[in-house]
Amino acid sequence: GPAAAETTTLRMTWYSDGNEGEVMADLLKRFHEQNKDIEIVLDQVPFKAINETLPVQLASGQGPDMARVVDMGGLSRFALDMRPFLKDPGYWETNFGPFLEWMRPAGDTKSIPGFMTQLTVTGPFVNKTLFEQAGVAMPGEKSTWEDWAKAAKQVADKVQAPFPLALDRSGHRFYALAVSQGTQVFGANGEPDVVDGGFKRAAQLVYDWHKSGVMSKELWGSVSGTAYRGANDEFKNAQVVMYLSGSWQISQFAKTVGDAFDWVAVPNPCGLGGCSSMPGGAGLVAFKTTQHPKEVARVMDYLASEPVLAEFYSRSLFVPGHLGLAKKGLDYPTASPEAAAALKVFTASAAQISPIAYRIQGYSNSRIVLNAVISRLGQAVSGETTLEDAYKRITADVAQQIAERNKK
Amino acid sequence: MATGALARLGQVAVLPVGVALRLLDPPMRWMQRMIGARRMAYVFLLPNFVFFGLFVFLPIGINVVFSVTGGTALFPSQRPYVGGDQFAYLFDCGSYLDPSSCREDHFWRGVANTAKFVVFQVTAMVLLSLVTALVLNMKIRGRGFFRAVYFFPVLLSPVVVALIWKWILQRDGLLNAAITTLGGQKILFFVDPGWAMFWAVFVSVWAHMGFYTLILLAGLQAIPADLYEAAEMDATPRWRVLLRITLPLLWPNMIVVIVLALIKGAQTFDEVFVLTGGGPGTATLMVVQYIYETAFSSQVQNFGLAAAASVVLGVVLFVLTLLQFAAARRKEV
Amino acid sequence: MRLSSMLGQRRNGPGRPLHWTDIAAYVYLALGVVLMFGPVLWLVLSSFKTQSALLEFPPSLLPFAQVEVTVSGQPQKLPLFRAKLPDGTVRELAQVRRIGLIAQMVDPADPSQQFRVAIDKREPVRRVALATENYSEPLQRFAFLRFLYNSVFVTVIATLITLLINSMAAYGLAVYQFPGKQAATLAVIGTLMIPVTIILVPVYLVVTELGLTNSLWAVILPGAATPTGVFLLRQYMLTLPKDLIEAARMDKASEWQIYWRIVMPLTLPALAVLAIFSIMWRWNEFLWPLAVLTKTEVYTLQIALNAFQGELQTQWHYLLAMTVVTLIPVALVFVFLQRFITTGIGSTGMK
Amino acid sequence: MAELKLTGARKSFGTIDVLHGIDLAVKDGEFVVFVGPSGCGKSTLLRVIAGLENVTSGEVHIDGERVTHLPASERGLAMVFQSYALYPHMSVRKNMAFALENMGLKPAQIEERVERAAAMLRLTDYLDRKPKALSGGQRQRVAIGRAIVRDPKIFLFDEPLSNLDAELRVATRKELAALHAKLGGTMIYVTHDQVEAMTLADRIVVLKAGRIEQIGTPLELYNHPSNAFVAGFIGSPRMNFLPAVVVSDDGMLRLTVGERDVALPRAPSGLAAGAAVTLGIRPEHIDVAPDTGMLTATVDLVERLGGETFIYASAPGLPQITLRQDGQSQFHRGDAVAIRFAADHLHIFDAAGAALARP
Amino acid sequence: MAELKLTGARKSFGTIDVLHGIDLAVKDGEFVVFVGPSGCGKSTLLRVIAGLENVTSGEVHIDGERVTHLPASERGLAMVFQSYALYPHMSVRKNMAFALENMGLKPAQIEERVERAAAMLRLTDYLDRKPKALSGGQRQRVAIGRAIVRDPKIFLFDEPLSNLDAELRVATRKELAALHAKLGGTMIYVTHDQVEAMTLADRIVVLKAGRIEQIGTPLELYNHPSNAFVAGFIGSPRMNFLPAVVVSDDGMLRLTVGERDVALPRAPSGLAAGAAVTLGIRPEHIDVAPDTGMLTATVDLVERLGGETFIYASAPGLPQITLRQDGQSQFHRGDAVAIRFAADHLHIFDAAGAALARP
């Protein structure tokens, strides 16, 4: 009918780890009820599509109007600067300020392409019950990585857990360790200088832990390249004493571990470089290729508004990527006591993330670095190469890929 | 019976196709009169080759263009020409026998792994699907059921296949449970390069064997029954019937199986990737995984390098297949 | 069964002793059931497990759930355990709560009786329970029928086109001698070398230029001409007796008629193989649709169901249940088509 | 060399009954020929004997041993298939050598046997060709060769000579006879060729629709067919059958054939006056007798084969009559011909077709 | 109905030359039979005519039109294949109807034609079976049926009756003759059967190793074979060939045959004394003459076919001699038999095998 002719249909590509797709669908429905002239279709896809085919689609002009993306830096060249269309760009600057940089193309300090649907913070989960069973005391706040490793190994030996310490096989998690060991990542000229002293300390730790059995080769040693490998299943089955992962695990652990044992999130362990965790997350970004930037901005304005966003975070059990909400603290009415406690720990460590960690996350070629690191360290851990060799190749990989990217 | 109803349903479904094919007859007859019966071959080939042209040959061409350009732009026209740089980069090796001496060692490890994988996989695939086809061709009770049993894995998507086996093979999976009840030690299959390769081969054979079995089964059915009767009159022992009658007459189908298994084997990617992730280290990293990751998974979608690698792969496979045909032709009936 | 029956013959006499190869064959088949079908069966069973049970080590064969009992005086149902008491007796107790290593338990029959049990001294009481919500929830949430329709449309149309044009090409290559035949055969074989994964981007560019993105035809057309099919059919057609084709020519059949009235029916077993192959491949195809279909209304089942795979988590319970659902139609089709493979009508019209 | 016994052998394909209880005993070294109309079950019977088809019921014994359920490969028989069933991927030599290799013979022995059989069948020049490069007759010879290189207990031949030319057929037939004489092997042979049946057979088995009609030596069947079917089937051209009525007259019997009465020297027993019978007379037993002819018929068709002539003539009220004359007859279409039946060679069949005993 | 002309038709398969320049003209409505030893190229020649094989060189004309390169489907001929080549997936009815459908006939017409052909070939009961459920003879009849339902310009038959039983063969042969008489279609027919060749043919073409040896009416070939090959090939059992030497003696010519001299009434021209020739005499032209016998031979083998008997006898220094007797001869193996040749029917061939004109 004629009414339909006036309706603008926008498309939002979305992936889900948990229930956030449902929550977003709810919110969008609500938006449509209030704004009959805009309809948003939520195209739910596997994460693979976001990471691998969305860039191609965007490059060929076939992309959606908005998408929830992880590689914000990589896609920043397609991002829409919504400033002209937003009701109050200031609100965005205030509340999303540090994260907006992650979405901006290099050199751009002003544009507003989207907001964070979720801030992820890396951090360790501990199986408290195992500690109790082993009768080993949990290291306290500000303990070092080495302390934790020792304690976890003790516990594991007592209770026969095969995984004393588990780190997700992921560049992000490794960098949580590396930053705490004092890596600087960037050289004086601002270009990446990945393999520095801090980095080597962290790499050596991981390498040694695998040698001494603190870490099992099953995570780092059993897949190749940039493949992600987590230890959620093992943690759920009480085989992991300490598990360095991140905030996104909370809702799942709440569901799958249930009453089987007590688990807690603890603050990040420390090293020479401090106790920072690595930030990360996914942002909802608008794209230049849209035919309806105005309408897109209206939708984004709605979704980014404080009450809506608060509802979104709290229903999906996400650490807020909104400074105002983070400061206020969020209620998670659907969360179990353990989950709520863990969320609190993570929200707190979010506030203490070091600038270097932010810089890595915001660097538009960050994935090049992270991928090279994880791929090469993985080879070293599995015994395929030496650490020295890995260092050389990391440097070479990063240089080569950046050069390729800069070819015009 | 339900199958009867199904069969009827199938016939009904095929009917319009039959009508359509019949309607095509007058124009085709006219065509035949215009160009002669022999040249009708071109008419028969045309549709397929139009599709090939559009969706295979043209893309291969684009791929070649990709392989001599660099950068991250998608449209070939926007990509800077780099000549043979991509190839030079790929082939920058201290020694081709030692992948770790290469600049792009992952590519060479992928090549080596794939070669190893293909040798084992094709051998196992051909032997097992042959045995299975022979057994399933016997007149046995419940033949249809057994055929389905052997075929079902083919219906599963690679992700699901890999997943099932990952569950079975993990530290506390079914297999280790079985081993420990038998008094053995748990084996970490995905940490040991040898085991990882073994299971990669195993799972890929498991998943695709049904398809090849089916091809051979169809081939077995095409062998005239009276030849077996003649062989039986000649008091031929079973193994000789197999070696001297069945296998030679099945040879054309065996060629299909060997060629397809080889090519598909060399192209293996997703199920091995989901199963082992290419590890441990890079022990089961396949060339196609390398190519795919280079083009898609890395942040820099390096289409140029990926295209160069794929051109190399394609050429190698093509040469291999031609060699096979040359060898096979001599044996053909 | 004797030799000839082993090799596809039609006799099966009563009262014959089994040859050792028969026994070997049955052993092999039994092994097949375990090895080939066991995992599939396990997949089906697993699809009825709860998210938590799915991740459990060591995995159980059947979907179990812990028994919960209502105990008077307790607001919620309590999980039931089999607990070993300090005096050595084993009793079924309901757990009220767990604190650290100690569980506080009651006898469900007599709630006044309370026990403190170390957590490693108790075992959950479980029974088989099907987590049907794995099916019902996504089915409700999904535009399931829409996706099903898309998948069926793609599969059926693509398979028909594939069968038609591939068999035409195979016929052309198998029956005729013509200039360029070698080249055409080589082209087919050469095409075989190229996995879609490798030329994904170029094909994507072509499809985009043709304006096909987000149309089901973008999924159907690029794979319609499969070298596998041409190759398979051609090899099969080469075994047909030449006399049959000549007889048809004498009968004034046009080349087209020879193709569809004589050769096609006789190639039925190979066509069935190709049909199964095409159906299964189209039905399960994932990577390519993912690239060219971005709108929900054109999603195929595979895209939709893989949406349960996130960056860091995968909702296996849904994924498995939906996998089983998508498996059913192809399984049925296979059961139907496999009969044609075994019709074996090769050359029985000959002397 | 072996005996063969079939008792009550039945065979059905699904609902189609092809053999209805065959009882047959073949003596050691005997040459038995199966004849019968197309589709009567000859090949099926042969296949049952071979073990390629299982009987639906009944028993098969070879050399006193029950082989009903023994597979073909263990019965030790050799067979020439109607469809030849040559191994298409093997050369002629390999085709013939195959069974010998199975028997574990030495290469030199195999070579020698194959060469001998090939020479006999004039296949020496084709030994290295594949079957598809052979003519129909050549293929058939290979099939025969494949059977005779072996030394089977029983030879089974399914129309082995049907595609050979006359000369080769006679030669091969004589070779088979010689082979039989020499080896003394039991042979069972299906043919459509009268000459083959009559000359090769020790005994002929006449089949009709899955039942045995008569078993006997060739001349027994020719001279004393036990029913009209056998009488018509044995002898070429086939016997003339004329409807007749018994006229009881004086001491002798007279039969009314068409317009004429035929006197029978002595009457078959048990014939009442007025009974309808069939008179059978072979073409070679009808003479052209301008003076003493019993009937006058008009010539419909004359077939001159050179050495003999067949004349097809019709008389009012009678079916067409075939007669045979030596040499190249001078009769032409439309001529009147007076014919007489050699009374000694008359056959009389009752209404059901059974032969009535001639005194 | 059509004429056919072949000029210089050659055919090679790779390096094997199968036809060496065939010149042949078949008149409209003529019935031509090809005979020749197995492998001589009969089927190949038929396929060349059909258009299924392209000649290597030479021309084919049908009705004056050059069709050398016209495909089979456009020549309008019908063929019965030696291998039958029935469509295995079609019922008998469909097999026969296929060509008619291709010709665009109406279903009712098709039905009627098929039914008629089926009735003629006694296939009515099998119309709905698939070929694999038919016996060899039944299949062959279907193949014939498939050709005759059409109304082709020329019929090509490749041994169409070889698998039929005697009765059916005679019946079908007569049907074919009737069909030919009725339709007047040009027919080309390959056979091994003497009777078929002699009775059906207007003209017989005798082939040998890809060359035409003689073309003529059946009796021409029988009575006046132009060479020893044709003489031996036509007539069954084959002609006896005896080596002889010309003895010039008084006014007549005498030939030394074995130990005896045979006087020739009038000598063939151009025979010098001492020349080696071959004497040909057919078995039916040798009489047993206890008193006037020219030779005495010993009986080796007696074949009694019922209506006639073949005696194989040998005399010292001569090849085995075949003679034919009416009825069931009383001779037995080892008997001495005095024989004489009917001098009128003697054939004389020179050393190269060419027949010498008899005066």
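Note that the chains take the letters A, B, C, D and E in the order they are written out, and that residue 1 is the start of every chain.
Just so we're on the same page, a residue touches a chain if its C-beta (ideal position, glycine included) is under 8 Å from a C-beta of that chain, and two chains touch if they have at least 3 such contacts.
Owing to the predicted nature of the structure, the values given are computational and were not obtained by experimental measurement.
Chain-level centrality, scored on Cα centres against the all-protein Cα centre, points to B. The largest tally of C-beta contacts between two chains is found for B-C. Subunit B and subunit E have CA centres that are 57 Å apart. Each chain gets a centre from the mean of its Cα atoms; for subunit A and subunit D, those two points are 92 Å apart.
Taking each chain's centre as the average of its CA atoms, subunit B and subunit C sit 17 Å apart. Multi-chain contact residues of subunit D, defined as those touching 2 or more other chains: 52, 71-73, 82-83. Residues of subunit B found to touch two or more other chains are 37-38, 74-75, 171-172, 224, 229, 231-232, 236, 245, 296. Among the residues of subunit A, those touching two or more other chains are numbered 51, 53, 56, 60, 234, 237.
Chain contact summary for the complex, subunit A toward subunit B: residues 51-53, 55-56, 59-60, 71, 74, 162, 217-218, 221-227, 229, 234, 237, 365-368, 371, 375, 378-379, 382-385, 389, 393, 396, 400-402, 404-405, 407-408. Per the touch definition, subunit B reaches subunit C in the complex via residues 3, 6-7, 10, 17, 21-22, 24-25, 28-29, 32, 37-45, 47-52, 54-63, 66, 74-76, 131-132, 134-135, 137-140, 143-144, 146-160, 163-165, 167-168, 170-174, 176-177, 206, 210-211, 214-215, 217-225, 228-229, 231-232, 236, 238, 241-242, 245-246, 252-253, 255-256, 259-260, 263, 267, 269-270, 288, 291-292, 295-296, 303, 306, 310, 313-314, 317-318, 321-322, 325. Residue ranges of subunit E in contact with subunit D, taken from their complex: 13, 16, 35-39, 42-43, 82-83, 133-138, 141, 158-159, 162-170, 192-195, 198-199, 218-219, 222-223, 232-238, 282-285, 301, 303-308, 310, 324, 326-328. Taken together, the subunit C residues at the contact with subunit E in this complex read 241, 243-244, 246-254, 257, 261-262, 265-266, 268, 345-351.
Taken together, the subunit B residues at the contact with subunit E in this complex read 36-38.
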